[in-house]
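One chain, chain A, appears in both complexes that follow, with chain B as partner in the first and chain C in the second.
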Partner chain A sequence: MLTNKKAEIPMIQLTQETRSGWCVVGVRGRADAEAADELEGALRAALELHPKVAADLAALDYISSAGLRAVIQAARAAQAKNIEFAVCSLSAPVQKVFDMSGMHHIMRIHGELPC
Partner chain B sequence: MLTMLEEVVLLAVDEKNGQLRSTREFGTAYALVGALFFDLAMARKIDTDTETVHVIDTTPTGNATLDRVLGEMARRTDLTTVRGWIEELFLRRQDLEGEALASLIERGILRHEVSKLLWVIDVERFPMVDKKRQQHVKLRLAQAILTDEIPDTRDIMLVSIAEPCGLLGYVLSSSELENRKQRIAMLCNLETISRTVTAAILNLDASLRQTMTKVV
Partner chain C sequence: MWHNQAILTETEFVLHGRLGELVRLAAETARFCREHSLGDEVEFDLNLVLEELFTNSVNHGGCAGMENAVQVRLQLLNNAVQAEFADRGRPFDPLTAPEPDLQAGLEERSVGGLGVHLVRQIMRDLEYRRAGGWNRLTMRRPC
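Then we have the complex of A and B:
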């Protein structure tokens, strides 16, 4: 039943670096049900330690509903802690999914990284 | 924890007299199929994207209703779209409402009563044994809709299923619903499953209107 290009897109890869007061979590590959916990965990871990967190989705090729829920849960955690959380540099396929879902109504989405 | 299907059916029970409120019969049937999909997604058995549904784990959940549908989905490799599956399950739906009610009775949340209307017609009621469960569901819905905070993803799903069922009117006043119309629409749009359920209901409504026009 797998009809997307799962085999061609690598599993999720996460990086973390600090730039100009921002913790940037880089997300690469595919964010699906298998990767959702890992993605949410990485974003939540960054939110525990930093006052400003940016999720860099430039290298994210695919996001499923489970991946979107992971981002929503992270944004919710940031809001509860009053931490600045920005989702940035969406790749074209991910931008399409965010647009369809209206994600911009509940979180800040930037064309570029804020740092 | 209750399943999404059980929470939605529990919400449909009138807390005063135990009667089942069903305001939009076909809409409710579609929405219950949507609730089933959300339960499978929350159990990490299926995943969806903008159009497609993927079975990712076929090990049983322990819930008979979910496992029956999961088994069907795993067997039918020809059907891959969310829309296709929602239509398929809508057409071949068994008594999802009845199964959820049976589970709520077994859990001690509702009890089953049958009385006679005019000494002939059986009238079923489901009085509440544990009122807190329904109050908790209503509270979560109210918080998700009336505040501007980002709701828990489970509560986003709950709003997006309760709305097409016409059940939000039992939680909030009509003026509250009117004031938060945009917020409700925004929450309902976040999930592929609920967008597909809404589209299916609109499509069905249009077909019914067309049929009625031809009849008239």
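Then we have the complex of A and C:
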């Protein structure tokens, strides 16, 4: 029974592809405290190699403050390197956590991908 | 009669002091919500609140590596989920933690304190007590 539940609650899955000059990092599943380092690492890796990076959060079902912290650290790294960093396509529950945390004060949240 | 029904609606689980337990925390929360026909929004909120408290206990409260470090009780009572989060870490009252400055810019924004802030945003009637070596936080989420 527990095995079934694990299957229903996927860990984080990260993909990367390049489209129209943007590196799109696709984030799927759950950005919890256990997955936060992996998320931050994937975003930072993209920022190392590309001048424009978009985080596509459309398939992200869950985020906690640890996941938000990963996004904030990536945004800081982008600002330090003068790289365009777009956080895009939040699901309703993830949007709620962003709102409660005042994320719109520190970064622009895009309704859709820029590419 | 009512008292008996209330007891039947209760779930309790124990977690060890390591972040790998977040999978079980999410699964137990999902099971409680499914058994009581509570919607996705309630499940999301409970999962988020319990994760924030749990990761604080493990990362900052001295529960890292501790067996049976945390005990969670969930109960459906009077159209609300009554939750109790207890840990055997250092005495810590999250209700006395300073609120983070949400207006601060990207550079100045502190990344600490956000978890407790989310707990206080989502839950109602939070009460803390320290008893018998346990921190106990009770709270409710109307549903």
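Here is the rule we use: the second predicted complex is superposed on the first by the 107 of 115 C-alpha atoms of A that agree within 3 Å, B and C clash if a C-alpha of one lies under 4 Å from a C-alpha of the other, contacts with A are read in each partner's own complex, and residues count from 1 in each chain.
Definition applied: contacts are C-beta pairs under 8 Å (C-beta built on N, C-alpha and C of every residue); 3 or more make two chains touch, one makes a residue touch a chain.
Because the structure is predicted, anything quoted here is derived from the model rather than measured.
Asks: Please determine, from the superposition on chain A, whether chain B and chain C clash or fit.
Replies: The answer is clash.
Asks: Quick check for you: in the superposed arrangement, does A:Cys115 touch first (chain B), second (chain C), both or neither?
Replies: After superposition on chain A, A:Cys115 lies in contact with neither partner.
Asks: Let me test your reading of the model: by the given contact rule, A:Ala33 touches which partner, first (chain B), second (chain C), both or neither?
Replies: Once the two structures are laid over each other on A, A:Ala33 reaches both partners.
Asks: Between chain B (first) and chain C (second), which, if any, makes contact with A:Ala66: first, second, both or neither?
Replies: A:Ala66: touches chain B and chain C.
Asks: Tell me which partner A:Met100 touches in the superposition: chain B (first), chain C (second), both or neither.
Replies: both
Asks: With both complexes superposed on chain A, which partner does A:Ala58 reach: first (chain B), second (chain C), both or neither?
Replies: After superposition on chain A, A:Ala58 lies in contact with neither partner.
Asks: For chain B, sort through 8-16, 116-124, 188-196 or 206-214 and name the stretch that clashes with chain C after the overlay.
Replies: 188-196
Asks: Starting from the residues of chain A touching chain B, keep only those that also touch chain C in the other complex, and list them.
Replies: 2, 32-34, 62, 64-66, 68-69, 72-73, 75-76, 79, 97, 100-102, 105-107
Asks: Going by the contact rule at the top, pick out the chain A residues touching chain B in the complex.
Replies: Interface residues on chain A, with respect to chain B: 1-4, 32-34, 62-66, 68-69, 72-73, 75-76, 79-80, 96-97, 100-103, 105-107.
Asks: Quick check on the complex: what are the chain A residues that touch chain C?
Replies: On the chain A side, the touching residues are 2, 5-6, 8-9, 11, 30, 32-34, 62, 64-66, 68-69, 72-73, 75-76, 79, 93, 97, 100-102, 105-107.
Asks: Of all residues in chain B, which touch chain A in the complex?
Replies: The contact residues of chain B facing chain A are 41, 44, 46-50, 52-56, 73-74, 77, 80, 149-153, 156, 186, 189-193, 195.
Asks: Along chain C, where are the residues that touch chain A in the complex?
Replies: Its residues touching chain A are 19-20, 22-24, 26-27, 30-31, 40-41, 44, 47-48, 51-52, 55, 59, 102-107, 109, 111, 114-115, 117-118, 121-122.
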